[in-house]
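These are the structures in question, set out in turn.
Okay, so chain A shows up in both of these, paired with chain B first and chain C after.
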Partner chain A sequence: MSAAAHSVVEPSVTSKRVAAALVVVYAVISMIPLFWIFATSFKTPPDSIAYPPKVLFTPSIEGYCNLFTTRTRQTPEYINSLPPATSFCDETTRKRNMVIAGPSNFLPRFVNSLVIAFGSTFCAVFLGTLAAYGFSRFKVPLADDLLFFILSTRMMPPIAVAIPIYLMYRELGLSDTALGMILLYTAVNVSLAVWLLKGFIDEIPREYEEAAMIDGYTRLQAFRKVVLPQATTGIAATAIFCLIFAWNEYAFASLLTSGTAQTAPPFIPTIIGEGGQDWPAVAAGTTVFLVPILVFTILLRKQLLRGITFGAVRK
Partner chain B sequence: MAEIRVQSLRKEFGSFVAVQDSNFVVNDGEFFVMLGPSGCGKTTTLRMIAGLELPTGGQILLGGEDVTMLRARERDIAFVFQLFALYPHMNVRKNMGFPLLAQGMPKAEIKNRVEETAKLLRIDHLLDRPVSGLAGGDRQRVALGRAIVRRPKCFLMDEPLGTLDAEFRDLMVHELRELHNRIHATTVYVTHDQLEAMSMADKIAVMNRGLIEQFGTPKEIYDHPATMFVADFIGSPPMNFLKFGGSLQKGAKEIVVQGANVAVPEVREDFAAADFALGVRPEHIRFDDASKLRGSIYGTEYLGTTQIVAVETADGMLKARVPADIQLRMGEPVGLSFNPQRLSLFDKASGRAVHTSAREGVARGAAHG
Partner chain C sequence: MRGAETPETMQDPSGKPVVTDTTSTILDRAAEAAVRATPDSLATRVRGLSDKTVAWIFIAPTILLLLAINIFPLIWAIQLSFTNYRANRPNEAVKNIGLSNYSRILNDADTWAAMQATAHFVLWTILLQTLIGFTLAYLIDRKFRGHAFWTTIILVPMMLSPAVVGNFWRFLYEPQIGLFAYVISFVTGIPPTEILMLSSVKLAPWAIIIVDTWMWTPYVMLICLAGLRSIPDYIYEAAEVDRASNWRQFWSITLPMALPFIMLAVLFRGIENFKMFDMVNLLTGGGPGSTTEVASITLKREAFEKWRTGFSSAFAIILFVAVFGLANIYVKVLNRVKSR
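Take a look at the complex of A and B:
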């Protein structure tokens, strides 16, 4: 997997340094927006729109308070008549002449995102694994045409079929339901899953299953006990690709969901504060939104790398 | 343990015939070797016996039961693959216990059986090691262990020594045969290595292009090859062929090769005029100045106790195996004589052996006979 595996000559120290410098520059450039969002989430609303922009500021978790709550404006008399504030959020809210009225919609939207993204990833990987195994091991009539058909569903951006899907979902009562979104993302992801997984399963010698089947196992048992454990790398890589798509998807989500099934991406930009956009709260929402995918990616980064370079690396 | 009976077995892949009309019987407890060049259909035959491939025609009987269309797992056989197919995600113990687990055997009993089998193969010290780090010979032993732990009706092995280096291979040939002598399991062993086949087999089937050319003991196959293909494939160097023409009559005891009369075993069938070949093994050639069959020394290859001498004759090169102490000069003219009882005659058109008194009692070759 190292560079030495491909080139005979070990790269020189200078070329290594140049490469490292390029990587660092690229990483910095792509991380700056993320860092800015992260920093903004800890600013106060006035700091967040200060000009020139503030790089150094006193951190505050007001953005997170505002993200998770809804607030109403009250008279100072009313606020003074309340019992003393019990939390930091209460306190900062009162300083702005407001009181916390209740929880915001962010948490349920975030949970919707989790349910829909993980649900559709599970379905896509499950169906994809079975289909890929079938294509890899059996003589499927018209296999090449079917595989091409599956791939062709990815040839145009999914949003190109937004209007038919919108109308269809309205007729079927699937608009604004978690089930509808899971079905949709599964349909989009399953082609990627079939193609990726077929590559991985093709690499597992059939002799393993054949040995298991001779030793008294059914094909399904052999698949479960012998093929699946060896396909975990591929399954993990596929799962993460599917998850990233479903987690980040914005266009369909904003078109098809508005209430109960709305996911976090269309919700976050709608967070409005007093007198316009509440940037710290939006930034806080984005930061929280990044956490699951970050954790998942870090946990599976080895498999992800294997998935990206797949086909190029062999034992 | 059981006998394996294969009847008119045939396999086509599309229009390509990989195995045509195979017939053979492996007796209970026999070590049977299928030998042939690459692509002749050995693996395909073995996979049909195992149930990994369904035949296009014919029957397979295991211990008298027709298993032709049964699934692999219903046949109670064990298979050792060329690359062993040890499950990489399990250690040695789990690999060996895997077939027993399928039978729902209690954990404690599996443990006993695996350990007993490991002792037999002298791999008990490796039981808790992952299979990935094992040396070739040990992988081989684990694969064997996984096969014998279940005590199946028979063993099928597809070139199990093919990937081992020469030194290990000799050792494993010895070990395999020793193991067989101890457990007497009916075994079908596939190889393209004639030395492996000759040193292990009770019976050999020589295959070529989907056909079994000859079925017999190693001695029968070596001494009385049924076809020119077998004669050429077995033996190193292979059998020499000298062509001669004319017709053959029942009772003939002499033929004429390059103007010289050569005594042969009594011919037992009539042939119209055709091209024939006289087959003679290198070790049955003697240098004899009185002989009318002449040649000149072309080169020698010294092997210690014997030497292989290439002799140029009017009909091409012959190779003779003679004692190492005979002194020979390049280009020296020599006369050649043969041991009459060890000669074979072949009909060149069909390649099959002519029936003679020497072949009395030898099973007729399955292929063209």
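Take a look at the complex of A and C:
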């Protein structure tokens, strides 16, 4: 059996080619929906609902215009009486017998998403790092039970958590506030943060801090100047996870926010045009919303991969 | 310096060394007195906090936050589950009705229909994601050129918001104008107006299974990949020496050694999909009728549309206990597999 000359450790050229072909086919197919979101965001509303679906089309930013503005229908006489259009958006809107009435709610919702996602990520990572260090380095009574309890809070269905939170926030006046959402997302994320970070900090040898403390550092100084710099990768990986969760979260946001503190995920599905969903505008909103996460994923893929596999394998 | 002085004092015991000795004891006493006179808080500031204090300062905020946002509401929910409380009528008298919420849920055909819809969804998504995910991981582990790049590309869907992307799938599924319906009708010849992915009782459950599989197969793939990479090369080398066929190597080395990882991926996907809410809510909202009404959707309808807060709290607790119980049993099995 001369074929056995190659070892499985280094797969044969043919098997590599077949594997590559299959993986590429899967990757391309799985990218189609995302490509379609992007393409639709640059279509005009009639193009977006054409049959058969248009792959080639003249790009237009009408979807983005509609995403950021609200419009009202007017008579042609009224539109003709207006001064000439000052922007592209103005012009396209008028072609459809409408005028721009004002900015839409998308921008404030997007800003809410930014504030809540980054705020809660910061809090979760801050608290998580401290707690993880505590669990990693000190004998905490009932540590295993506490850790298990911290983790098991993630098994609750979000709606089940939302019922009492809804009542509690109503009593405390936290309903539909950014603070309420930041607190909630921090609480949800901190369990993951403690769990991941404890693993990362466990990997840093205790001898480093002990040496620093013999040199006259206090425990806190040793934590700040020795442990934290060593744990940067782990903290970054954890932060990405918390950020992705908070950025993408929908269940809590849709039930606990309705107005001023509403984030983008519950808002985007409510974008409607005349006589049905304005798909180019929805696609534009989706694109704007997905781009930050796409950039994050590509820039920080190494930390992400490490975090996902690490978090899973430790359990 | 001190090391050099000591032998000298040994050599010359008259006068000087005695004096030094006295001075040092006097200094020591003074220092002790100074320490005693210093208030405790200052002393700790100088010496640094004790480890025990640091431990509690570090852990307490997290525990407090979890108590306030997780445990207190949970206890409140347990308490509400024994009442007929309705959140939209806060002024109405709350009656304690004992276990009747629980007995009503467990005897309710609708609840069991929701459980069945959830089970269908969970089982099929796990099956598909594990099969495709493991296959992909196995292929990527062939380490062809550019595999890292394609892995990143494949991962993208799982990073995105299930709600926002799920919402867009509604458009893809749209009969006539949707891309999905178009492609299916192009391939199968069925007229696109008949491909009612979201409004047909038969197809709607599959519509959500497809989106979930598209989105989460990469996650299963990633964990399986970690499993495959954890298998040391020497085992395969030994198998080569024994002339075990590739087929044989796969069944007696690759699969058993990656099994704990596959099981982990199944556990995570199982828990997540048992809780599934966002994507289903946006794609079908539980419809048509209640064909895709998974447990979380029922819960939302009871709690935030019918406002039966007590009843839905009881349902929430039953769900939590179910997930928790099943996950614990599963982890026991998993540990047995691992230790094998």
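As a convention for this text, the second predicted complex is superposed on the first by the 302 of 315 C-alpha atoms of A that agree within 3 Å, B and C clash if a C-alpha of one lies under 4 Å from a C-alpha of the other, contacts with A are read in each partner's own complex, and residues count from 1 in each chain.
The criterion applied here is as follows: a contact is a pair of C-beta atoms (placed from the backbone, for glycine too) under 8 Å apart; a residue touches a chain by one contact, two chains touch by 3 or more.
Bear in mind that the values here come from a model prediction, so they are computed numbers and not experimental data.
Visitor: If you tally the residues of chain A touched by each partner, is the higher count for chain B or for chain C?
Guide: Answer, by number of touched residues of chain A: C.
Visitor: Looking at A:Thr92, would you say it contacts chain B, chain C, both, or neither? Reply first, second, both or neither.
Guide: neither
Visitor: Name the contact category of A:Glu207: first (chain B only), second (chain C only), both, or neither.
Guide: Only chain B; A:Glu207 stays clear of chain C.
Visitor: Tell me which partner A:Asp215 touches in the superposition: chain B (first), chain C (second), both or neither.
Guide: In the superposition, A:Asp215 contacts chain B only.
Visitor: Check the residue A:Thr177 against both partner chains and state whether it touches chain B (first), chain C (second), both, or neither.
Guide: Neither partner.
Visitor: Which of the two partners, first being chain B and second being chain C, lies in contact with A:Asn105: first, second, both, or neither?
Guide: neither
Visitor: Looking at the overlay, does A:Pro229 come into contact with chain B only (first), chain C only (second), both, or neither?
Guide: first
Visitor: With both complexes superposed on chain A, which partner does A:Ser60 reach: first (chain B), second (chain C), both or neither?
Guide: Neither partner.
Visitor: Once the two structures are superposed, pull the chain A residues common to the chain B and chain C interfaces.
Guide: Of chain A, residues 218, 221 contact chain B in one complex and chain C in the other.
Visitor: Please output the residues of chain B touching chain A within their complex, sorted ascending.
Guide: Contact set of chain B toward chain A: 50-52, 71-73, 75, 77-79, 81, 83, 85, 87-89, 98-99, 102-103, 146, 150.
Visitor: Which chain C residues qualify as touching chain A in the complex?
Guide: Within the complex, chain C touches chain A at residues 47-49, 51-52, 54-59, 61-63, 65-66, 68-70, 72-74, 76-77, 80, 87, 132, 136, 139-140, 142-147, 150-157, 159-165, 167-172, 176-179, 182, 192, 214, 217-219, 222-223, 225-226, 230, 233, 236-237, 239-240, 243, 246, 249, 261, 264-265, 268, 271, 274-275, 277-278, 281-282, 295-296, 299-300, 303-304, 309, 312-313, 316-317, 319-320, 323-324, 327.
Visitor: Please name which positions on chain A make contact with chain C in the complex.
Guide: For chain A paired with chain C, touching residues are 1, 4, 7-9, 11, 15-17, 19-20, 22-24, 26-27, 30-34, 36-37, 40, 48-53, 127-128, 130-131, 133-135, 137-138, 140, 146, 149-150, 152-153, 155-168, 170, 183-184, 186-187, 190-191, 194, 218-221, 223, 244, 247-251, 254-255, 264-266, 268-269, 277, 279, 282-283, 285-286, 289-290, 293-294, 296-298, 301, 304-305, 308-309, 312-313, 315.
Visitor: Which positions of chain A touch chain B when the two form their complex?
Guide: That would be residues 205, 207-208, 210-218, 221, 226, 229-230 of chain A.
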